[in-house]
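So, here's a batch of structures to check.
You will see two complexes here that share chain A, one where it goes with chain B and one where it goes with chain C.
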Partner chain A sequence: MSLRSGDLTVGECHTRLLTQDLTRTQLVMYAGASGDFNPLHTDDVYAREAAGYPGVFAHGMLTMGLTARALTDWVGDGRLTRYGVRFRSQVWPGDTLSTRLTVTAVRDESGQSVVDLDVVTVNGAGDEVLRGYATARVD
Partner chain B sequence: MADFSFPVEAGQIMLFARAVGDPNPVYADPVAAAASEAGGILAPPTFVQVAAHYDPDWQLRPEEGKPWFGSGRTASGVTQTEPHGGGPGGGLHAEQHFEYHRHPRPGDVLAVARRPGDTWEKSGRRGGRLVFAEVISEYRDAAGELVITARNVVVRPERTVDAGAAG
Partner chain C sequence: MPLNQDFVGRRFVSPVPFQVGREHIRQFARAVGDDNPLHHDVEAAKAAGYPDLVAPPTFLVTATPGALGLPTDDPALGLDYTLIVHGEQRFTLRRPVVAGDELIATSTLTSIRTAGRNEVLVTTYQYETTSGEEVAVGTCTLVSRGTAPSRDVPAGEGTR
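Our next item is the complex of A and B:
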């Protein structure tokens, strides 16, 4: 699948559900795959008793990774040229997450058509947990 | 920040894609991936985080014979000297940026070179001071070509953890 620059309109939005119930197991899977074994994300005893949090919370990079699916499912595989985010607030087990992609520009970059996107991921309460941008090659 | 390199492997791509909840066959099925626009398995956008497994200086990995700050018999294997974990867990990830020159594929061996970027300070919403530090990582293939440039920002709260950073 691929997007065509002529079919894209600045301001158009695509919303994508990422998860309806983020599990602690997903956090454990992310720790194992990424090598980020910070116990804040997988060790509830540590997170509560030693670090003073209500419990474990997601790696920021898990939220960025989950959000990437919304991007690649829409723009296609291997087409991103830039993707960057700020982590705005914590993501907790049980959270529902969805991503909204908004077209901010369709332009030419060194002879290649690209689309610029605003990327926002929110939790079930509507709070932003991640905000960023992406650029992808389009046809 | 020692330089090091790591292999991009199909199995690890599959495991990483599962860990970020992405069932796209381009990350797991060589036949479907070969028939797709991508022409073969490629790495998901945030995959190079796996470099941590190969980083000799990575502190967020237990090491045999050394105290680990997660729980065991007690809530932490080390004495906490700072609030919110302190030690190697004291910093939270505030920003991450990737620039893709191309997307890595199984068979690539990526050399990682890191350098410190800017540092700055901000007042947290709840009063403490927040210290931000940037690190720039360049991932190059065996031919020396730049594959990904990454920039990450870690924030270390001096008193309380502010909602401006999320781990």
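Our next item is the complex of A and C:
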């Protein structure tokens, strides 16, 4: 499945739920799969006592990875050419996350049609946890 | 304590090629909640025109040497994990990573600058196959909270 440039309108939005009630297990799975064993994300005692956080929180890259799925599900497989984000606030166990993709441009890049997207992921309270951009090839 | 500026400009290269494996792709896809068959089912990936399982876009971080491309275990850098916050991450992707790829990642610590009381570390990445095909480039920005060099007046002054 792929998007067609003629079907896209600047300003159109797509929203997708990424996770409900993010678990600590998911954080541990991400640590293992990514090889990022920073204890802030897996060791509650360390997060509280050594670093002064209320507890463990998600790797920024887990939020970026969860958000990527919203992107690839919409733009299609193997279509993403640029994806960058700023981590705006922490994601905690128990959080519900959803992503809103907004078309900011449909343009030509070296003879290839591409779509530019604004990417925003928010938690259940509506706070932005991630904001970024993506570009994908379209037909 | 401020980070060691001597590390700026240093490059860190994968000591051995990073072999992209099917099980690793499946494990990573599960960890980011991605059940797209292209990450799990070899036949589905082949039917879609790929040589093997396709890795999710941010899988590239797993191929980065060290922790996010930095020698975090080298005490000379002075990085304190408890003070680090991930600020930004960017990727430019030339093609999807697939199982069987052998990647060489090069990370370069391009700058450590002061922003208020914090220090901001920018690291750039380049990912190539062992045959020299560029697969992706990336940039990572980390914030080291409260480690900026102090602007104290010389010792003996300002304490009265």
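One rule holds for everything that comes next: the second predicted complex is superposed on the first by the 139 of 139 C-alpha atoms of A that agree within 3 Å, B and C clash if a C-alpha of one lies under 4 Å from a C-alpha of the other, contacts with A are read in each partner's own complex, and residues count from 1 in each chain.
Everything that follows uses one rule, which is that contacts are C-beta pairs under 8 Å (C-beta built on N, C-alpha and C of every residue); 3 or more make two chains touch, one makes a residue touch a chain.
Note that the structure is predicted; figures quoted are calculated from it, not measured.
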item	value
Greater residue coverage of chain A in the superposed arrangement, chain B or chain C	B
First, second, both or neither for A:80, with chain B first and chain C second	both
Which superposed partner A:66 touches (first chain B, second chain C, both, neither)	both
First (chain B), second (chain C), both or neither touched by A:18	both
Which superposed partner A:26 touches (first chain B, second chain C, both, neither)	both
First, second, both or neither for A:50, with chain B first and chain C second	both
Partner chain(s) touched by A:129 [first = chain B, second = chain C, both, neither]	first
Partner chain in contact with A:36 - chain B first, chain C second, else both or neither	both
Touching partner for A:91 - first (chain B), second (chain C), both, neither	first
First, second, both or neither for A:119, with chain B first and chain C second	neither
Shared chain A contacts, counted only where both chain B and chain C touch the same residue	18-19, 26, 29-30, 32-40, 50-52, 59-62, 64-66, 68-69, 71-73, 77-78, 80-87
Interface residues, chain A side, partner chain C - complex	18-19, 26, 29-30, 32-40, 50-52, 59-62, 64-66, 68-69, 71-73, 77-78, 80-87
List of chain C residues in touch with chain A within their complex	24, 27-28, 30-34, 36, 38, 48, 50, 54, 56-58, 61-62, 67-68, 81-96, 139
Chain A-touching residues of chain B, taken from the complex the two chains share	12, 15-16, 18-22, 24, 26, 36-38, 42, 44-46, 49-53, 55, 58, 60-62, 68-71, 75-76, 80, 83-85, 88-89, 92-100, 103, 151, 163-167
Chain B partner contacts - residues on chain A that touch it in the complex	1-2, 18-19, 26, 29-30, 32-43, 45-46, 48-53, 57-66, 68-69, 71-73, 76-78, 80-91, 129-130
